[in-house]
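My structure is below; once you've seen it, I'll send some questions.
Order as written gives the chain letters A, B, C, D, E and F; numbering starts at 1 within each chain.
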Amino acid sequence: MIYITRKEHFNAAHKLFNPAWDEARNAEIFGKCANKNWHGHNYDLYVTVKGKINPDTGFVVNLKDLSEIIKRDVIELLDHKNLNVDVPNMPLMPSTENVAIFIWNILAPKIQSMGATLHGIKLYETANNYVEYFGEH
Amino acid sequence: MIYITRKEHFNAAHKLFNPAWDEARNAEIFGKCANKNWHGHNYDLYVTVKGKINPDTGFVVNLKDLSEIIKRDVIELLDHKNLNVDVPNMPLMPSTENVAIFIWNILAPKIQSMGATLHGIKLYETANNYVEYFGEH
Amino acid sequence: MIYITRKEHFNAAHKLFNPAWDEARNAEIFGKCANKNWHGHNYDLYVTVKGKINPDTGFVVNLKDLSEIIKRDVIELLDHKNLNVDVPNMPLMPSTENVAIFIWNILAPKIQSMGATLHGIKLYETANNYVEYFGEH
Amino acid sequence: MIYITRKEHFNAAHKLFNPAWDEARNAEIFGKCANKNWHGHNYDLYVTVKGKINPDTGFVVNLKDLSEIIKRDVIELLDHKNLNVDVPNMPLMPSTENVAIFIWNILAPKIQSMGATLHGIKLYETANNYVEYFGEH
Amino acid sequence: MIYITRKEHFNAAHKLFNPAWDEARNAEIFGKCANKNWHGHNYDLYVTVKGKINPDTGFVVNLKDLSEIIKRDVIELLDHKNLNVDVPNMPLMPSTENVAIFIWNILAPKIQSMGATLHGIKLYETANNYVEYFGEH
Amino acid sequence: MIYITRKEHFNAAHKLFNPAWDEARNAEIFGKCANKNWHGHNYDLYVTVKGKINPDTGFVVNLKDLSEIIKRDVIELLDHKNLNVDVPNMPLMPSTENVAIFIWNILAPKIQSMGATLHGIKLYETANNYVEYFGEH
């Protein structure tokens, strides 16, 4: 069992604003992240896959294929988008936590069908904050 | 003459869309950057100041003071904002080039009044792109 | 269950010198780290917290709060300090290992009281060395 | 139980080419990595060791010793080498996966004899790809 | 006048070996870089262009176009290649210095035809070494 | 004319405290940097040398030689030292500015004697602050 990670990135706008709350409550909880005209980030995405090595290739998965799947099914959907507005089925609060799980849910079955297992999603929102999700409940 | 640089950062939304053009022309020139619902970036800002060393301190400028001025006069204005909408006097096209010059114009007189000279602004929009401005015409 | 990490940093002086040993033995084991007049480092600290997502916020913990606690209870204590001299209750040998556990012991109860669980402390002493502690005995 | 990691690096040439396949099949699977005249990488190697802290030193292992072992037994063997040609006992396919396991097999017994346990090997082939191996079967 | 930089990268094999010298002299001057079976690097390439801002776009040059030219005319030629063997017109010694000038000579006329000026080439061979060339004689 | 840069690093303790001032004045100007028991940093040092390329080697200077000179004449002097106490001829205030000039004064004649010219010293005190010195008066 060995683990391989591919890094991709996307740039997106979002805001954190709970419509069930008034503006004062949103400002108190989310601070500047609640700015109604949005702000944005360069997101760095690390996708970690685990499995056995194929002796013909030396690979768990072919990184060309893994990179193509991430780009086609995740980056295309999120890059240069507004996470609150442009992305079907995104949770109401596009926090880093929720975006990481959203990406997990897209990629886990795709990687299963490559003969490997999605191990983890690591998503940097800024150089100082990141979230990791391993499919645990 | 010696040069000292302070790094700060801000996160903002923007889009590149020229209202004098139709959508097709905007898409052709700006690609995904023209997304009408915005996208965003983590901007890294490097402010370089030059001057003589004060023998009492060993400093060109006190970095505490330089950092405070950048935060108060630039970061406060741009961080967690929409560069097209929320920032008075921002040029119509908030390209990295125009944002760098916008920041130069704010900081140059402030740094003059600290007894030093603004040498350059270096602004990263992503890890792969940055602009430098040295006040040249 | 999801994991979120916040990075903070501090700059400190220290030395590694065991007073039960003579200078030759200290030099043999600790090399240049035993310099009696101290040396120092820029420490990068990663604090990883785990928990359930609060559906109202999309957060495991509010990073503003987490950052404030780390700054108030850890950074304030260690930043621009001499780890051997200025920090009450620091172990005799302020190795990266011992500093990481020292930080864990401060933060674990604070994060418990935020309704989440401290998962790990990752402490870089230099770009080439880091320690991780997960509260294991 | 605490974990300490040392980073080292080496620069090497390699290619990915399965001699059991024809050129077209190699090109299809390995793309540019199959270039018959080789290409190369700056490899970043992270070696993570776990154990108990020695109270006399504050160390799991002395990083000076760990660094020397990695340099003598791994870096000397791989640095400025052709991984396909110059390295005895390297698997036929010097993929990042296989190189990581190759390094694990060298270091695990050496670290055992230092009184600690090798926990993991993390090997970056480029800034966008890395492999982790924890000795799992 | 403003400066914009685009980062690209390529991975290549090379060796430094002067055929006018014997092996001992090559080993003395080039050390491990003279290994006859090659070694390799991840090269990071920064291309800096200067010019006036086009008020319709806010751009000196369109980074999409700049990135495409670099990829088509430089990366395609060097990526996953052996710099000594696979690259027509490469100087006999593919040192970082000579590769940087080789890239400058390709890009300078292309960027001229985009209406801007090539200002500099910065080429990292490793994280610890880089060369800069500004077209000076 | 081409420029080549070598990165080295050292870890040191220092404080900024002007003995001509009282404690209150020192605290006001230097803040936490005045802590009487020292603090410290991981310094990253970039040494940039310029010259003509030697056609026999493809080099401005041999980086092996440049690295050895920097290590022998600068790193040996500053690494794991207290800049205020352990370093002969260091200015009274070991600010990043003064340390950069101190290093320039050591290296400029050595590099002259290698047949090249010292172009610049870039010294990072932290990831957010650096000084550059080009020998200008």
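Remarks
As a working rule, contacts are C-beta pairs under 8 Å (C-beta built on N, C-alpha and C of every residue); 3 or more make two chains touch, one makes a residue touch a chain.
Owing to the predicted nature of the structure, the values given are computational and were not obtained by experimental measurement.
Steps from chain D to chain F, taking the shortest chain of touch contacts, total 2. Contact with chain A and chain F alike is made by B, C.
Interface note: chain C and chain D, two copies of one sequence, contact each other through mostly non-matching residue numbers (shared numbers fall below half of all numbers used). Computed centre separation for the pair chain D/chain E is 28 angstrom, with centres defined by C-alpha atoms. Separating the centre of chain B from that of chain D, both taken as means of CA atoms, is a distance of 41 Å. Annotation for chain D: residues 31, 127 touch two or more other chains.
A list of each chain pair in contact follows: A-B, A-C, A-D, B-E, B-F, C-D, C-F, D-E, E-F. Of all residues in chain E, those touching chain F in their complex are 16, 18, 20, 29-31, 91-98, 100-101, 127-134, 136-137. Across the interface of their complex, chain F is touched by residues 9, 11-14, 31-33, 35, 37-42, 79-82, 85-86, 126-127 of chain C.
Chain contact summary for the complex, chain D toward chain C: residues 1-8, 48, 53, 55-60, 62-64.
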